[in-house]
Amino acid sequence: MTNQRAIRWGMVGGGTGAMIGNIHRIAARLDNQFELCAGALSSTPEKAQQSAQEIGLDADRSYADFTEMAKSEAARPDGIRAVSICTPNHMHLPVARAFLEHGIHVICDKPMTATLPQAQELAAVAGRSDALFILTHNYSAYPQIRQARELVREGALGAIRLVQVEYAQDWLATDSDTKQAAWRTDPARAGAGGAIGDIGTHAFQLASFVSGLRPTKLAADLSSFVPGRALDDNAHIMMRYASGARGTLWCSQVAPGTENGLRLRIYGEKAGLEWHHEAPETLWFTPLGAPAQKLRRNAAGTSQAGMALSRTPAGHPEGYLEGFANLYAEAACAIRAREQGAPIPDHVLTPGIETGLDGLRFVDACVRSSAGDACWVDMDG
Amino acid sequence: MTNQRAIRWGMVGGGTGAMIGNIHRIAARLDNQFELCAGALSSTPEKAQQSAQEIGLDADRSYADFTEMAKSEAARPDGIRAVSICTPNHMHLPVARAFLEHGIHVICDKPMTATLPQAQELAAVAGRSDALFILTHNYSAYPQIRQARELVREGALGAIRLVQVEYAQDWLATDSDTKQAAWRTDPARAGAGGAIGDIGTHAFQLASFVSGLRPTKLAADLSSFVPGRALDDNAHIMMRYASGARGTLWCSQVAPGTENGLRLRIYGEKAGLEWHHEAPETLWFTPLGAPAQKLRRNAAGTSQAGMALSRTPAGHPEGYLEGFANLYAEAACAIRAREQGAPIPDHVLTPGIETGLDGLRFVDACVRSSAGDACWVDMDG
Amino acid sequence: MTNQRAIRWGMVGGGTGAMIGNIHRIAARLDNQFELCAGALSSTPEKAQQSAQEIGLDADRSYADFTEMAKSEAARPDGIRAVSICTPNHMHLPVARAFLEHGIHVICDKPMTATLPQAQELAAVAGRSDALFILTHNYSAYPQIRQARELVREGALGAIRLVQVEYAQDWLATDSDTKQAAWRTDPARAGAGGAIGDIGTHAFQLASFVSGLRPTKLAADLSSFVPGRALDDNAHIMMRYASGARGTLWCSQVAPGTENGLRLRIYGEKAGLEWHHEAPETLWFTPLGAPAQKLRRNAAGTSQAGMALSRTPAGHPEGYLEGFANLYAEAACAIRAREQGAPIPDHVLTPGIETGLDGLRFVDACVRSSAGDACWVDMDG
Amino acid sequence: MTNQRAIRWGMVGGGTGAMIGNIHRIAARLDNQFELCAGALSSTPEKAQQSAQEIGLDADRSYADFTEMAKSEAARPDGIRAVSICTPNHMHLPVARAFLEHGIHVICDKPMTATLPQAQELAAVAGRSDALFILTHNYSAYPQIRQARELVREGALGAIRLVQVEYAQDWLATDSDTKQAAWRTDPARAGAGGAIGDIGTHAFQLASFVSGLRPTKLAADLSSFVPGRALDDNAHIMMRYASGARGTLWCSQVAPGTENGLRLRIYGEKAGLEWHHEAPETLWFTPLGAPAQKLRRNAAGTSQAGMALSRTPAGHPEGYLEGFANLYAEAACAIRAREQGAPIPDHVLTPGIETGLDGLRFVDACVRSSAGDACWVDMDG
């Protein structure tokens, strides 16, 4: 079967060996809505070519250069309609610009850019393009996260008082020389933030996505525990919201025994919510003065939104790849709507430029706070 | 990209709306090793056609009849090399026969057939064919299940004393008229076993796969709790092994609050193992006289076999679809080997005819036991 | 403070070093309703004397012989009003007889006796005495077990279909020569049952207590895995109830990695219940078609009965000793009522002779079944 | 039995109805090392008298006034040797002073006093007395907490990088008029801290106890979410240690769905530790690059210290009362040693004046930080 209805799609970065590239490909393939047709899979031409061959790209659509790719694909009648960017952060802006300016939709890894000025520039570029810009904050596409968001919006928690989010890993607890570690700990490629950029932005986005709240001030105590490391590998952050709510965000890449420990807890006047990435199909909901309820993906008590993002019955675990695929499925939906001149459906909640800007404002605020010895700063300083 | 290196592949049954058909398609697609080219997606011609269209099959390769499909595809130069069978149980034999006799590899839903005589007949058919027969006991393709099996084989448990397996669901706790419920509770289509065939065979296979043991005798107390139900919806089974080991198997589809609760516990002289489907990425291993170890997929302490079946780092949950995809990935590996005249690699552990026969022997023994008021019977009675 | 309102109380067995003796003393002391005044703490006179001294008993009320103790204490104006029996099983009958015949209330370790005939004899003795006989099935005094029982009685589960109970330990996985292991594996002292008597009776009682059901038939596959062991160390049991319900009971003392793993699951037409001893303050209740509720001790949603047996707020863990103390508290309540000629209050649910008889009938049925190669037998065979 | 070897002991506060008073009595009674002989159980004379009667105190040793009690008891040959203080915080200093000055050992609820100056004054008083002062930070007496501390001291974690501690409750999420809520939210009786004093000091002490570290600076964002509340009911705190380690402390009494959620996580260069009060018998220990180990109370892998504080075998849950009783058992040991002129044994780790001072320094620093809009302050400001 040539999947003729699939969206023709390309990748920049994400050659074989790059973990995240394969994840994008699986996620895009899972629901059969994208077909990989072109790529500039590595900044090293021979690696790009080899990756293309391994993945099965046609040789003439494996590009050594993303600018060339954007131009050529835009010119082909069967050119790609969307591209995913899986490069280190510092390349997000130039790559996204190249494709957006050719009217090709962009699906981009987080953080949106390496620095806030880059993010602002990208926002301007995107504003001038009809093409969509979608940011892969995949965790916000988990069904139980969607249900959490709905509970908040429906008022089930009452006024929110507390937002506690954390994201702990241990894979950078020692000096590592893997490719993935190398660029993430290099300011020239990662940008201003280490852990705060790599995983802190995920935690920040998730908390905002579910709570509907955005802090106005924060104080961030950034540390670099591993000797010689130029960027933060741990951050303790306190946050204040305009509504009077308070929050904390902890992100770490040096916490032995944690794996990919994203955890969100939100407490309101009337109820509390708890979600852990270790068991992503369970959302705990506890009204004040009532027993905790275990809300499970696609089970009794699941919201419509949660069910719509399910492929398997309750008890047949879906996980990270399915969450990521939800993001691609919604991206496909948005792309089709845009191309038909239709409004993007309400159920599509893919993050975009505004979310990406906020992520970089968050990183920027953390860095400013840290420069002031972890003083309080305005988010929009 | 036309995935030219993918295995051309078809489906019988599994039209849109059938849960398991979509799962097969996702599993096959996940690692990009199969390409769906043909199908007889429903026994109702117009449904078959409509499903084909929805899925994107070429119209001329959507067949109203599986016999016709087998013949036509075998005759095409670009015909399918493998087919998946997603029909109710009573169709497994005729469909598998049609394809095996045309030299097309078969990937078949469990139980292998509706009855033991059918299974024996299928075994004979498969014995005369060069094509492979692979049975989708997907749970045995979970990385942590593979690690459990290795621990047993390495002797980490010592001589096994106890095998406790259970598989509890609640979706048939009341009379249901969904399509999936209808055929599973109909002896004409499901065969001799209700819960024991549908999920009991999974539990039986999983226990045997990990323990390396096969019971010689069993006593099965089958119940049909829902009024009017012709087949068992709950089974309590005691098992005895030649080695002196003992086991129990409980399967139920009427246990409110359970979802897809497959659970395996194995105890030996020297250590115990525990695995629950609810958290499939964790294997508990406790040597006698030492603390329990939490062995996590793709994390420290994972075996080579477990890592080979991982796509994401530890802490990025993989689940049911990835487990199912592991089975398809191994099927692809076996198919390629067979077609190249090479031996099937040792790491490929896809279940086949022998496992399928054993499943039906298990069902048959349960039914015989039940007919004798839950008396003890020989497995190979 | 001389606790003058406490019930004067003695012990037979349970000298220092005997685990269970100390547990009885703590449990009795916890709510300050009993005062230890006399004892025959060991069958070895010098050990009895030494234990008495260590515990702080008056020398003249430390007896070498339980018969002497019963007689002397009954004659004293300040004699004990109740006695706890913490001896190996074979002594339960003679000791209980001695005290009951002197009108002294008896609190007795389970199983009630070593054999069914002894149990029947004890029932006759108790029937002739005004003194109470209370059996320490302590697990049925956990608050969340009480709440489980109420849910069943209120009909929250509808008609019960399944009773699954298990009790797994690993402390007898190898040949052990501790004092506690020695008598439990010796038919002369333990009686007809090994694991089935020691822990199987607990599981049996708990299941009956909560479900309100008693099996009419069972099939028991008893094993002695440790070479040279005379009694069972593992039992797989299937059970049938008059109502059509079905059940299984698994008890084991050879399952590495389990500690004191008592677990009860009950499924009815309308809902399911689950309770594990590892987290005794949580009761899972799942109505069919609704999310699971986590019912916590002394928290929102707790029944009156559960609260009455709580000493601390929710989240301040109570455990085994508090559960045991609940049994002593209810024993005190029953004793006071009896001595005042008042009816025993409804909330007192301490097990007695009938429960004890049932436990021995259970052991007897298991042994008969096992003698018939695990055939089905009548409970009241 | 008159427990003649028990330590004669009294209480100030803790009359019937006061939750914590009963907990002290159970904890003291559990191991039979204390005997309640005297009390000034309430500041309201008739309530004191009534409580004394209910509890069973001799009428002549139930005092209306703690000063009178200290004087009278000190004068009696059979006077109390120790007293427990269970009053609101503002009374801790005068009561402790009265008894310490009469040479009577004091066991005092936390926080040590209502304010830092009071704490300093009490430190001076204690310094002049031979009597012991013991502070009831009961959580540090849990066996698995002791084992955690040993692992840190042995270097199993390497240099500590992170200390994450939290203590979340929900019982003050709305305005409550229970007696316990009333004084805790009243600055005149509770002191300068609300949640930070009541539970924050517990979390602070636990983290220090296990890590062996004490922060030098902190920033505290205190909130009073419930309208009209004068003291904090939530606190977010960031901490810095002289070693370069970083920490956070979150305490809340307004987080719906939490019960008594004390949780400690410590991460070092070489390993991580995790402990939750919800399952106090489990300590998670994960060396970097190895599977997590589940260290259970009194089970394989337990340290000597952990075993010494156990009364029951592994799997027979001990909890809050047993942890509190461990504190009393060590207090008894310390008192006996002191009275014999012997050094207090090394295994006795009961907190005292220094810990109490630190708790009030912590509260004081939080309040100072909060007054500076959550700025960073020195702990010893």
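Think of it as A, B, C and D in the order they're written, each chain with its own count starting at 1.
Everything that follows uses one rule, which is that a contact is a pair of C-beta atoms (placed from the backbone, for glycine too) under 8 Å apart; a residue touches a chain by one contact, two chains touch by 3 or more.
None of the values given here were measured: they were computed from a predicted structure.
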Target subunit D, source subunit B, minimum contact steps = 1
So how far apart, in whole Å, are subunit C and subunit D when each is placed at the average of its C-alpha atoms?
-> 35
Round to the nearest whole Å and give the separation of the Cα centres of subunit B and subunit C.
-> 43
Starting from the mean Cα coordinates of subunit A and subunit C, work out the distance between those two points in Å.
-> 55
Of all residues in subunit C, the ones touching two or more other chains | 258, 292, 296, 299
Specify the contact topology among the chains shown, as one of line, ring, star, complete or other.
-> complete
Contacting residues of subunit D [partner subunit B, same complex] = 289-296, 299-301
Mind listing the subunit A positions that touch subunit B in their complex?
-> 1-5, 19, 22-23, 25-26, 29-32, 35-37, 56-58, 169, 171, 258-261, 277-280, 296, 299, 311-322
Which of the residues in subunit A end up touching subunit D in this complex?
-> 161-162, 164, 170, 173-174, 219, 221, 223, 225, 234, 236, 238, 240, 244, 246-248, 250, 252, 254-258, 265, 267-274, 284-288, 292, 373-376
